[in-house]
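By written order: A, B, C and D. Residues from 1 in each chain.
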Amino acid sequence: MFSRILIANRGEIAVRVIRAAKELDVETVAIFHEVDKGMPFVHYADYAYQLHSDTPKNAYLDMNQIIEIAIKSGAEAIHPGYGFLSERSEFAQAIEDAGLAYIGPSASAIDSMGSKTKARELMSSAGVPIVPGTKKAITDFVELFSIAKEIGYPVLLKASAGGGGKGMRKVLSEDDLKSSFESAQREAAKAFGDDSVYIEKYIVNPKHIEIQVIADKHGNYAYLGERDCSIQRRHQKLIEEAPSNILDEITRQKMGEVAVNAAKACGYYNAGTVEFVMDRDKNSYFLEMNTRLQVEHPVTEMVTGIDLVKEQLRVASGEELSFRQEDVKLTGHAIECRIVAEDPFNSFMPDIGTINYMREPGGKGIRIDSGIETGCEITMHFDSMLAKLIVWGKDRADALNIMESALKNYKIKGIKTIIPFLVTIINHPQFQNGWFDTGFIDNVYEFRVLEQMKEAQEEVIAAISAYSFRKIKQNGGSSTGIPSQQQAQSNNWKKTRSYKGR
Amino acid sequence: MEKLIVTLNGKDFTAEFDESNEKIVYINGNSYSIDLLKSHTQNIHTFSVNQKLVQIDIDLRESEMGYITSDGLTHELEVNTETKKMLKKFIQSKANAEGGKNAIIKSPMPGLVIKIPVDVGQKIEKGDKIIMIEAMKMENSLSSPISGTIKTIHTREGIAVEKNALLMEIEANS
Amino acid sequence: MFSRILIANRGEIAVRVIRAAKELDVETVAIFHEVDKGMPFVHYADYAYQLHSDTPKNAYLDMNQIIEIAIKSGAEAIHPGYGFLSERSEFAQAIEDAGLAYIGPSASAIDSMGSKTKARELMSSAGVPIVPGTKKAITDFVELFSIAKEIGYPVLLKASAGGGGKGMRKVLSEDDLKSSFESAQREAAKAFGDDSVYIEKYIVNPKHIEIQVIADKHGNYAYLGERDCSIQRRHQKLIEEAPSNILDEITRQKMGEVAVNAAKACGYYNAGTVEFVMDRDKNSYFLEMNTRLQVEHPVTEMVTGIDLVKEQLRVASGEELSFRQEDVKLTGHAIECRIVAEDPFNSFMPDIGTINYMREPGGKGIRIDSGIETGCEITMHFDSMLAKLIVWGKDRADALNIMESALKNYKIKGIKTIIPFLVTIINHPQFQNGWFDTGFIDNVYEFRVLEQMKEAQEEVIAAISAYSFRKIKQNGGSSTGIPSQQQAQSNNWKKTRSYKGR
Amino acid sequence: MEKLIVTLNGKDFTAEFDESNEKIVYINGNSYSIDLLKSHTQNIHTFSVNQKLVQIDIDLRESEMGYITSDGLTHELEVNTETKKMLKKFIQSKANAEGGKNAIIKSPMPGLVIKIPVDVGQKIEKGDKIIMIEAMKMENSLSSPISGTIKTIHTREGIAVEKNALLMEIEANS
């Protein structure tokens, strides 16, 4: 095992990695930009080095500086976390070239999976099911017509040269194919100077199901069950759980084996995730492979008992996995909610400010992976995710009850978060009975419920306001002898606090 | 104490008090017994309301206006005495009646003019305080319903005025 | 299930019970004395009622007032927690008489186990092993001599009428029996007017092993494995764990069955704990039965996944247990450390004051059952236990690593706690290898280790002190242009904070 | 800056500074690079010391004396300049030499008497400040080594004194 590692990241994931390392008696080195000087992840490490950069974000993207600090600090390996440099094969390569270990897969595995086209081809040849369609550029309508018929409607036309939705058309039925094809071609020609398109089956509001895999450098591979990450808002996952209530044991095993095959196909080691979309008939199709630790890894840890970050360190240091496939047992049910600093009442605008009070929930079945504490300042420079609340219950119903209670007792003041929004999802009958897909928030969820929660409070809030207002008047205008506690309170009431971003 | 009008998210709630028990507040006629259990910080307080626990976060912009948050849900708050609320509505409706042009400010109640913080010819913004009248032992500020210039002032500090007495004329910005 | 319950307790256990209730959609009523107005358990409940009493402690002992509030508040049941009224059969009876449910065993079961003599007799007749000896009063040395020979030295002589250690003599060998007998008789006669003594085997530094049992009112009984609570200081448990590393599966099962028999013998339902002392040859003897939830119940929850408080509510409301004996599987290893406000450098004097900063550890395998938060005041009125830190690891070594790291990251400022002392125990080689018993702190632990931890810090602390002192001097005396952050810091340095109890 | 003597739990540590780098402190000759990362509250600070993170809690009784806590371990702290430390030791040894009875206060170094906050006949407690001498551009307070009464004062404010000059005599409480 390493004696010291550097964490090339910040926030909750840096804290997460530091914890695992400390528990393995591995010393930790944090790196930070000036704006993060006061953040818990810096103080939580054994050592901390400041990064110098033009912008806070670029600091964490400066490979050379990070590797220099790693060498200077005596770190033997670097953990990339997620985001930032975590899927950059050059970073993995540069670390290895500097004689250090990269806590992740090989540069070549990152490369193979980095390009979606490459990955699709590799997966397809490894027998991993991919979304039906053709990568072949099509310019002839007759050919297109017959392929569309074969894979079945709805289909999706995409510009071969394309990206960013340009030249993309959803086609719901045969009647619309010709006109859609022509308009897609025109748009593609205009945008990319190439009017060829390809065709794929269009999966309507699928489930997002992903399989956690991990492998060591000794040829041991394992899959650790699935995660259901279908609750998304604009492709940002908000709630994840394990296991998925729509998978049976046979499907789970089949998908696990497929995922391990995918990993084997690119000579994968360390932790990775194979993402699938699943249609209503429970057909699953390869989406992409994430060659790093995922934000939502804790739900897998909660149901398997396995610490994925500790295993990552073992693998990177050349040790074998501490378990084998047959040791993996899923127990109970885990749910994760991302605690994001956005205002659900104002189009999910990111909020910034100082956290002037915080109280986390605790007790049985509660896990908090957090990057914040009271007094810390949330700036505009980074992702708006502050922390993750993960719960474990003996079954899904138990976990939902624990989550609801925990969310309601997660107090973060001074900054707006999506906690009330999460409460309404957790309480939503259709989420509770398991009938949800990636279209849930757009198609099923009604924001009116949030407004109703607010309305339900109003009379009590009015009562508190009136009570407090009278106390101020009494204190200011007469001598009715209010006790000191109330005195203090009424002064506070008068005190104006300034909010950023309002 | 006089009735208060608590406005939350644009909705009005009438608050009355029980003179024999300072913990009791009536909102739209419903009784609430209130106790402050703890002030966690300057703005964060835990109350017991009819024995039910409520934690709130108060963020005032002015002394009687701002935001109040509970369970992550933020309410826009304004507290007025009944008289003041009446004044505001009166001015508002006058302003509407004048078609948003010049404003004639009349006294909405009998009272004593205690302060006139503006002079003839002074430019003012909508919402600026233009006159303070004492009535029912409370000071009530009248704010200008429009942006413009003070044209005439028909009273002065220390004068008792009747209801509907002409106080001021304001010329709207053209 | 109940729709509302009252918790007749305070602090962390009140929070613990409220959590379980909320997760079962049961509303909660807290009761509090004025001094506890600002404590989290009050704010954490759905409803709170103030108790009026001459002293804070007596408030929580006032059965009539508590039952009155329960009725007024619409609560249907009362949970006693531990301590206070939790082992008072009159309380259980009065609650039932008032038409409410007591969340615990029947008054008669509490009674049977409340008297140690009664309990010993009952257990003995139920076939539960009790410490060898005789309850018969002995006045004849010859008889004593032969009984002592039979049970084997060392033995313990106790005054039949006695208590409080009066007339008690440890006898290590046959040679000392006569003189000890005579002096015990003299002391007993003087103290109680009765010179008869009885004899018991003296178990030298035993292990303290206890079995969690739970039963419903439908005749279902279960044991949930053992807890090892041998790390004690003056009979106060400090560290508890499950499972015990000295029990094998057969012994575990045997002791579990004995414990269930003990419960059956007194018609027990709800949660209870059968405590044993275990000698070096792994013979276990009944010590007592606690007819309530124990402080250390979380370690059992962590290895079984069962929520004991939820089961308590189920049982009290007349439901069956949610599991059967065969469903109980022990997974991994759990350790609990009690976070106590005492000064290990000053004879464990309880400390009081305001908690002006707190940061709890978090992440995988960490559970915190806490009764405090930043800003809350610790008074002299109650027990000095503030919170419990419980960890789960895949095995004991993993759990120990997690505990060490978690303790070091549990920051409580403004009040002294035993956290540094706990760290040194967790790191002690003899604790780590499992060779410890109830004599560990008195006989094995060396306080020198704590002093060494302190010494190891000194040079760094001196450096920080010198640095800060210079900053003050520079700010006060010259204009070297110290940045504002440092300005702030040096002002703080100058600021004097007053500590209570110093 | 002058050397400092940091006394922790009764043990002395010599602190020297690097005049070209204000972050560097030498303790007993070992170099420490120090940076204040965050002040969590008035008393709680996270430092980086040779890049290693250290959180401390400072609780001062007086400006240079008190308690400093890290990882729950509390150290008794006193910081003195080298001169002042010398002064204190001098007084201490004098007091010991006198058998703990009356105290004769002599100047431990050449300097300027800048303040004498006591008068003849005044009752004082052990530790009370009795004279301030400026030397090496630093003010150094001499505290009384005993409780008693000021018997005589042999100097006055503004006077330059030599090393070992007689300054005061204090009569011990009987």
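Going forward, contacts are C-beta pairs under 8 Å (C-beta built on N, C-alpha and C of every residue); 3 or more make two chains touch, one makes a residue touch a chain.
Owing to the predicted nature of the structure, the values given are computational and were not obtained by experimental measurement.
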item	value
Excluding chain A, groups that stay connected where the other chains sit	one piece
Which of A-D and C-D has more C-beta contact pairs	C-D
CA centroid of chain B to CA centroid of chain D, Å	60
Interchain centroid distance [CA atoms averaged], chain C/chain D, Å	46
Centre distance in Å when chain B and chain C are each reduced to the mean of their C-alpha atoms	56
Chain A: positions in contact with at least two other chains	44
Residue numbers of chain B (touch at least two other chains)	40-41, 52, 55
Of chain C, residues touching chain A in the complex	15-16, 19-20, 22-25, 40, 44, 298, 301-302, 305-307, 331-332, 359-360, 362-370, 373-374, 394, 398, 401-402, 405, 409
Chain C residues touching chain B - in the complex, by the definition given at the top	29, 37-38, 42-49, 73, 375
Touching residues (chain side chain B, partner chain A) in the complex	1, 4, 6, 8-9, 11, 13, 15, 17, 22-23, 25, 27-28, 30, 32, 34, 36, 39-45, 47, 49, 52, 54-64, 66, 68-75, 77, 79
Complex contacts: residues of chain A adjacent to chain B	345, 356-357, 408, 411-413, 416-417, 419-420, 423, 450, 453-454, 457-470, 472-473, 485-486, 488-489, 492-497, 499
Partner chain C, residues of chain B touching it in the complex	37-38, 40-41, 46, 48, 51-53, 55
